[in-house]
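Quick notes on the structure that follows.
Naming follows writing order (A, B, C and D), and every chain is counted from residue 1.
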Amino acid sequence: MKVLFLGDVVGEAGRETSRIAIGRLRQKAQIDFVVVNGENAAGGNGITPKITYELLRYGADVITLGDHAWDQREIVPFLADEPRLLRPLNFPPNTPGAGSIVVQGNGKKLGVLCALGRTFMTPQTDNPFLTVRPVLEAIRRETPCILVDFHSEATSEKIAFGRYLDGQVSAVVGTHTHVQTADGKILPGGTAYLTDAGFCGAHDSVIGRDVAPVIQRYVTILPQRFGLATKGLQADGVLLTLDDLSGRALEIEPIQLAI
Amino acid sequence: MKVLFLGDVVGEAGRETSRIAIGRLRQKAQIDFVVVNGENAAGGNGITPKITYELLRYGADVITLGDHAWDQREIVPFLADEPRLLRPLNFPPNTPGAGSIVVQGNGKKLGVLCALGRTFMTPQTDNPFLTVRPVLEAIRRETPCILVDFHSEATSEKIAFGRYLDGQVSAVVGTHTHVQTADGKILPGGTAYLTDAGFCGAHDSVIGRDVAPVIQRYVTILPQRFGLATKGLQADGVLLTLDDLSGRALEIEPIQLAI
Amino acid sequence: MKVLFLGDVVGEAGRETSRIAIGRLRQKAQIDFVVVNGENAAGGNGITPKITYELLRYGADVITLGDHAWDQREIVPFLADEPRLLRPLNFPPNTPGAGSIVVQGNGKKLGVLCALGRTFMTPQTDNPFLTVRPVLEAIRRETPCILVDFHSEATSEKIAFGRYLDGQVSAVVGTHTHVQTADGKILPGGTAYLTDAGFCGAHDSVIGRDVAPVIQRYVTILPQRFGLATKGLQADGVLLTLDDLSGRALEIEPIQLAI
Amino acid sequence: MKVLFLGDVVGEAGRETSRIAIGRLRQKAQIDFVVVNGENAAGGNGITPKITYELLRYGADVITLGDHAWDQREIVPFLADEPRLLRPLNFPPNTPGAGSIVVQGNGKKLGVLCALGRTFMTPQTDNPFLTVRPVLEAIRRETPCILVDFHSEATSEKIAFGRYLDGQVSAVVGTHTHVQTADGKILPGGTAYLTDAGFCGAHDSVIGRDVAPVIQRYVTILPQRFGLATKGLQADGVLLTLDDLSGRALEIEPIQLAI
């Protein structure tokens, strides 16, 4: 099967970028599932129910989140109602929503998990290395094809997570830094790995935000309004080819699609 | 002119990797200057006088450092004696050593600066956006060809620093995460930019360290001995082509050279 | 001379607390100067021009700030107009406002400085140990009686700052943690020292905030609205007795005044 | 019953201080149990088996630890053998040792728990608010007299933890900052609370370390050797009086005993 994963969708520009990218990539290849990180889809900060449906309409089968999961308060009750929207799995046991799902289509099944790193990250979640275990075991009973979005800052933690899950999932793809890394590979155990997928939105920016106020912030260390940028639309992500039967990754192709 | 910049050299494997990579790349292209980040050259932790000379012998013209600059105590007095070894410029005024240099050869001059980011970083240095200014002005009086190694964690800070210096230096290349990013480009003002150059050393690893103890650390959160890995030698970096007269970047070519 | 210093004034409850405390303490002792930390005076977040005047009206001669200095945007231009309101001195050179002042009354002069620590603190300011030096020298030309509000988290940094300034200022009093420490003393060089002064406001709380949502935050790690508490009014601070001529501290008396 | 709790014992000076303090305080009052935080007992960094026995010999019934628990490697296997030495309870399930114990003597039983905070703290442990629950329930089946050492940095987290456990344990006493706070009280539900107990050792210091190199570190931000201080011996802690039957705290008396 082919799975398209798109990095953090940032604001309206990111949503439009993802819409066009999904359409174009579908014309070039038969894509079975689309997974999109939507943690910045609502003006850069979290996601709303309305925007969740918008991304699903654009073709996303599953939407993952990250440290910005809870930026929009209306999402807390909504998470319980919409299983295709995943918050990181390593929140406390009673947290609304789920951190994983198995979706199906074309007679195929894909498990998707979303976890949050802990190094240089807030909030302080439970250990992703430990909490991912039982979730993974449950999903593996349904399908060997599993994609993990590891939303995390430190390269050390991301690579360790990829190596840790090598041979047990089809792919570990990092998000959060909004900059795609150049280390896409298939690990020895058959798991596709990329430290960071990048982001979808206006790349003539500082990770999606207007350049000038971000610079001003670093120069003056005074608060600034960080408006979203609008130019240089680009969709970052990966296109994964998985062996349906074994779940092994056959190919990981990085995507940087200018719109 | 052509400038080769290599990301963090990690341990003995990294030194050997850099030696071979410099040799091979010099066979393919006329390289005028070689700059190497050496902050992990001594067993992963800092650098020694002896290893400084080793890297210079391998062809480095300038060696930059980062947050690990002071890991080996003998380096503190040595920094004052060896101007080709740069510690980050944004340390307090009386810090031994310098954060910049102008080197020359083949009738050409290259300025090199090294600065440390502050987000998710220790130690707590002075503001790199402010302290880089006077250093830059002094160097620009000598040459318009200037390479900046911005040793920093957060993508936001790195991109902002690149944009901030766009048009004033030839290149801003990030280091520290040990993972090369896929966003190499020439910014509108003519400055080549890459968020992170990656590292030189054993890539069958977690950023140069053995995989198993790093995973064990994340799983148990107990202290582990992080030995250096030895397999999968690869040199990460960039090959820059600069216009000698204007200092503008003409090309930035990412390097991931398997040894 | 006698100087009253009050810890962080939190919200309306804190302002009312400080008003009453200043009045009561003035009935018991001849107080020459009152200095109040006002970084949380506006609903817990920063301060406004109006609230600045309110605290001055209550008897404050100088108002210090901290990491919350810029929470209210209208304060940025106002700082340039009102010298009795101090932002931390270790912001970049062009930052609006000042970090120190010399006030006078009753034929006496008191210098007041405000600095921000860097450990576990945002924003990332300049090194307070270095930037305080020239400010201090300028003030010492006017008066030997100097009070320093060191707004800082880590006890190590606070005690080191106190020791560093011992013999050069009359008092170093910490703020920011909102919990008064029990280590008030006069250091060997004659400087009064207290790691933290505590806060003014509703102490039936978690550092001024309602208890339930803060607990809920730690339990669920989900965002909560942190309302300000209203019960258990108490003014925390210190009453300092200084030798006018030498500036040496003669006494440091911790204040925890229930209102 | 009366329970003496002593804050972090720092190095040899701290051990000697605790020995003398326990002896002197026992002469003044009938003390049923002594609990000592020993995370810095071995030269400032962790604890060894030998030093564990030394502190037990001095009269400690239970020794608690903190973020420095694992500084000495030999302690890892030892923790499984010596139940009176507690590492924080919120480490992963398979961590050697335990985070709680019930000790008995004089026909009385005291439960002791040790937990680690997460704000501004490494390593990244499990949520103490959640993991303390089942441990507490098990202990409450044995005794209502329970002392909690919450080893934590941020005052917000510490006070929240105290309020959270109010009415369910006899006392929550914080450690880690090495500075005693002045907020000892009995909370509405009957739980004694103090944000930080302080430390045992040489107080003519920066939290137990020599003053000069710590200042030098903040001034230069270069590495320094932080030797342990030797002067100004003082034992910090609290003396708790508990109602044996209900476990309610009757009194909390802060201790700062100069040796």
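Descriptive notes on the structure:
Basically, a residue touches a chain if its C-beta (ideal position, glycine included) is under 8 Å from a C-beta of that chain, and two chains touch if they have at least 3 such contacts.
Just so we're clear, the structure is a prediction, and the values are computed from it rather than from any experiment.
Residue numbering shows that chain C and chain D use the same positions for more than half of their mutual interface.
Spacing of chain B relative to chain D, judged by their CA centroids, is 44 angstrom. Inter-chain spacing, taken between the CA centroids of chain A and chain B, is 30 Å. In chain B, 92, 124, 127, 130, 219, 221 are the positions where the chain touches two or more neighbouring chains simultaneously. Contacts between chains leave no pair untouched here, as each chain touches all the others. Residues 70-71, 73, 76, 91-92, 94-95, 123-125, 219-223 of chain D are the ones that touch chain B when the two sit in their complex.
By the touch criterion given at the top, residues 92-93, 118-119, 124, 126-127, 130 of chain C touch chain B in their complex.
Those residues of chain D that touch chain C in the shared complex are 120, 127, 129-130, 153-157, 159-161, 163-164, 177-183, 195-196, 198, 206-207, 209, 211, 214-215, 217-219, 221, 254, 256.
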